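Going in written order, the chains are labelled A, B, C and D, and every chain counts its residues from 1.
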Amino acid sequence: MSTDSWLGGAAAVATLTFDVDAESPVLAAGAHYAGHLMTMSHQSYGPDVGVPRILDMLDELGVPATFFVPGWVARHRPGLAASIVERGHEVAHHSYAHRAPTSMSDQEERDDFARAMDVFAAQGIEIQGHRAALWGARWQTPELVAEHGLRYDSSLMADDRPYRIATARGEIAELPVHWSLDDWEQYAFLPEPAIGTVIESPAKVLELWCAELDGMRHYGCLFNLCCHPFLSGRPGRLLALRRLVEHALEYGDVTFLRCRDVAAAALADPALTARALPEPPVYP
Amino acid sequence: MSTDSWLGGAAAVATLTFDVDAESPVLAAGAHYAGHLMTMSHQSYGPDVGVPRILDMLDELGVPATFFVPGWVARHRPGLAASIVERGHEVAHHSYAHRAPTSMSDQEERDDFARAMDVFAAQGIEIQGHRAALWGARWQTPELVAEHGLRYDSSLMADDRPYRIATARGEIAELPVHWSLDDWEQYAFLPEPAIGTVIESPAKVLELWCAELDGMRHYGCLFNLCCHPFLSGRPGRLLALRRLVEHALEYGDVTFLRCRDVAAAALADPALTARALPEPPVYP
Amino acid sequence: MSTDSWLGGAAAVATLTFDVDAESPVLAAGAHYAGHLMTMSHQSYGPDVGVPRILDMLDELGVPATFFVPGWVARHRPGLAASIVERGHEVAHHSYAHRAPTSMSDQEERDDFARAMDVFAAQGIEIQGHRAALWGARWQTPELVAEHGLRYDSSLMADDRPYRIATARGEIAELPVHWSLDDWEQYAFLPEPAIGTVIESPAKVLELWCAELDGMRHYGCLFNLCCHPFLSGRPGRLLALRRLVEHALEYGDVTFLRCRDVAAAALADPALTARALPEPPVYP
Amino acid sequence: MSTDSWLGGAAAVATLTFDVDAESPVLAAGAHYAGHLMTMSHQSYGPDVGVPRILDMLDELGVPATFFVPGWVARHRPGLAASIVERGHEVAHHSYAHRAPTSMSDQEERDDFARAMDVFAAQGIEIQGHRAALWGARWQTPELVAEHGLRYDSSLMADDRPYRIATARGEIAELPVHWSLDDWEQYAFLPEPAIGTVIESPAKVLELWCAELDGMRHYGCLFNLCCHPFLSGRPGRLLALRRLVEHALEYGDVTFLRCRDVAAAALADPALTARALPEPPVYP
């Protein structure tokens, strides 16, 4: 077992995160999808049905979570972010319009980032962390996170334990994600825009995530799970997610935290040395 | 357990629905596929072999079902719709030519909708509900359903319980569908037009649907299953579907109904408030 | 249990068929792939390693099989077809160059068909049946089969029991295939030409095929399995195929036959009425 | 059980191979991906986190392995190759820039091949074998391997046992690979460049590989497993890989070797006759 202080004696730390994207990923793929009523209803299920159900389940399980909300979603559903914070969970920054930074110019990313900060400020929601839309962070993204006074980002994959990134605007923590701990690749399906292929069963997804949890307990990692309310809020999938949490709690050596609490512990852990952001590789 | 009246005391209500598409989805993708004998034979299996076998199985299980039939299919197989109604099941509207409303102009959708109504009227088939081809409903679709005097639509995904939609032409019930309760994403495969990737085993599909049924019994939902006779009419898959129904019946708290009966109960349930159809979202 | 005479008292009849495509499907997708040594080696594995191993396994199990061989493959591997017939199995026609009839003109299909017949005639291989490349039969294909004096085709999907097709050149039997009984969709993977997505485990494929076998025993069908030596000839997959056959033999009510023997029984069974080939559908 | 001398009395020989690609496959797909920080972090995980963890696991299990490293990766991470050799494992040639030979001209392939040799020579790393990037070998590749004095290639699929290839520049051993023994098709996922579809669970992959191991023990084959540290270095997947090795060791009839040792045994085995490289097939 690792003796790193950020783990606080646990074999692994778990962060349940929910990306409350609503209609934004589909509209970012094509504004004309606003006219597709079925597709819009598929996406609105997330905040309207999935989020309340998830909040109730978290209450029943007694574990905290972090909800990454695009500014556009928070603005068009004014009470949403507050309803999450009131239940003891964290709301964090997930872009304004759910466009990947890699698809934007420097200035577009700056503007999109600030616009989301403005929405949360206007709603009195305190923000400490950021996750790039589509996890599509690029080289300037960590500096932008630091520049806005946030403490962490959660979009990168250079490790499976938290690490610190030194930027020109100060140091932030990185809480790494990974495709294998994302419900999107397992469950998402839409014909237009074309998303997904076969739809996996909750039993398979539970098996996948339990295997990763076991590996992360073995290696002392951050089990940073990313779910989407329009996907994992569905009845059968939510029961599987509940079983995953119950399974982790039964181990007795997994601590569930909000992302901001992991970030604070990581920034205070001298065993996690700061990495300078590498130069982009030169190829070939 | 929910005390909503539409559930009638059950933990969940189940609707077995069969979209009898025959050749129409392939021909809608390209009229030249009419010359592909193998592809046409793959599709004709649905009404010719799958439907009679499904009707026999439903008799043996003693459960009712709803068959969504495109008008073009009903017209070219004149006895098909009547043979379904005679066995005590419901026939409902599934477009005329299996083109998604989102791919048509307002007028084209209107004409296609009316043309199917005409076919069913000429055959003496009473229609109460509608499901959009490819579930591709757009903003005017619910109003069109109400305008023709139908009581329900079954193409949207804003909830996993029935809901009511207020339109300018009156109120209808929505019986929501979902990709995870559709056999198409699990089983469909054709090289031209390119449909599907890997083909799942009936055991996996049974596992997926049983998981969703359990979740829906937990949350008091409508288990609205969509199967296609050319897919689920195959021998091994039909045995899996039979096991699913038997499994649900063994619970003793799942009621199987035709869609029209669920719609009637939903429209009469004061706990299910009517939703005005939202404005299309403005983005960004 | 069905009392149709073609079943000969069995619950289901099984035909093990092997499409010995070798390099032809890849070269039909692009002649420049001839320069891709890895890809060519991937395909040559079929006749060079897979076929001898399959022949040995069939000997050990004591069951007959049918090998569909493109004329191009038979011509470039002169001893191949004879080595199969010598072991008591059937060799059948699988096009000359593994191009789908739907991708050819009438005359091109005629020429390709005849060219394969010439190869087999020159090698003294008697041919009774045909399977279209990529199963891509079109409307004239059955007549072409009859015109060449063959007794059956095995490319269509209008049923899961044999049926008879009346053509202007006489009647043939159809031994229907289906995507779910094909190893291609489960196992095939190549980056160029892009074939397949994820690769399934033999355990999943065994599960899928056993489920279909059970369904077909229930409904009295033809379990017409299509395997490719370059896919199912691999060690782990061949053991799974062996287990499938052993499993079927243990039931005691499944008869393994060559396709020509099923065709003869089907043509002699008055319960299987002849179907006129339908007109291509008019749409919409 | 085979009595071929290359097996050394084992039922099967196993080679654990790791393709340490780091950022190279993504950059070969598009140099602009260098600006995608998330994607670069996803790839750097391989050498930075995966490789050290894999080396520790190999120590614990007491089995040797072979690491195929692109010259570009070795050059930009100067200590990497040496750190692998120091632990008793083999480093082999995996192109310079991870471009498939089939995508290059003759001269480009020659230059790329030599450039990687130069990097390893400068680092004092002795190279005996080669694996083409993307396994994309073409007709001249084996001769190039021989020309540089290497003893084996591991990119082809004409067999599942080692074979010898006679080239104009001498004989080499081929240690064949296969898509079913590659973690890429099971685990790899990236949205840009678009790689992969659904992500499989380690349990499924373990099942797949154990099935192939059983088949290869049955037929006396080379179980030549290809893993990527950025994929199989993840916690849950690495535990599955450990279980695979433990499972193989428990059989007591599987020998784990470095590729160079298998190549030496294959070149010394008179039962493995040399194959002249066939002429590219003429089609149709």
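Methods note: a residue touches a chain if its C-beta (ideal position, glycine included) is under 8 Å from a C-beta of that chain, and two chains touch if they have at least 3 such contacts.
If you're wondering where the values come from, they're calculated on a predicted model, not measured in any experiment.
The chain with its Cα centroid farthest from the Cα centroid of subunit D is B. Overlaying subunit C onto subunit D using CA atoms gives a rotation of 90 degrees, to the nearest 5.
Of all residue numbers used where subunit A meets subunit D, under half belong to both copies. The two sides are thus made of different residues.
Centroid to centroid, with C-alpha atoms defining each point, subunit A and subunit D lie 35 Å apart. For the pair subunit A and subunit C, the distance between mean C-alpha positions equals 49 Å. For subunit D, residues touching at least two other chains, in rising order: 197-198, 200, 204.
Chain pairs that touch, as defined above: A-B, A-D, B-C, C-D. If you check the complex, the residues on subunit A that touch subunit D are 102, 132, 134-139, 141-142, 155-160, 176, 178-180, 185-186, 196-198, 200, 204, 207-208, 211-216, 218-219, 221, 277-278, 280-284.
Of all the residues in subunit A, the ones that touch subunit B in their complex are 23-24, 27-28, 31, 34-38, 40-42, 44-45, 48-49, 53, 72, 76, 96-97, 187, 189-192, 197-204, 234-240.
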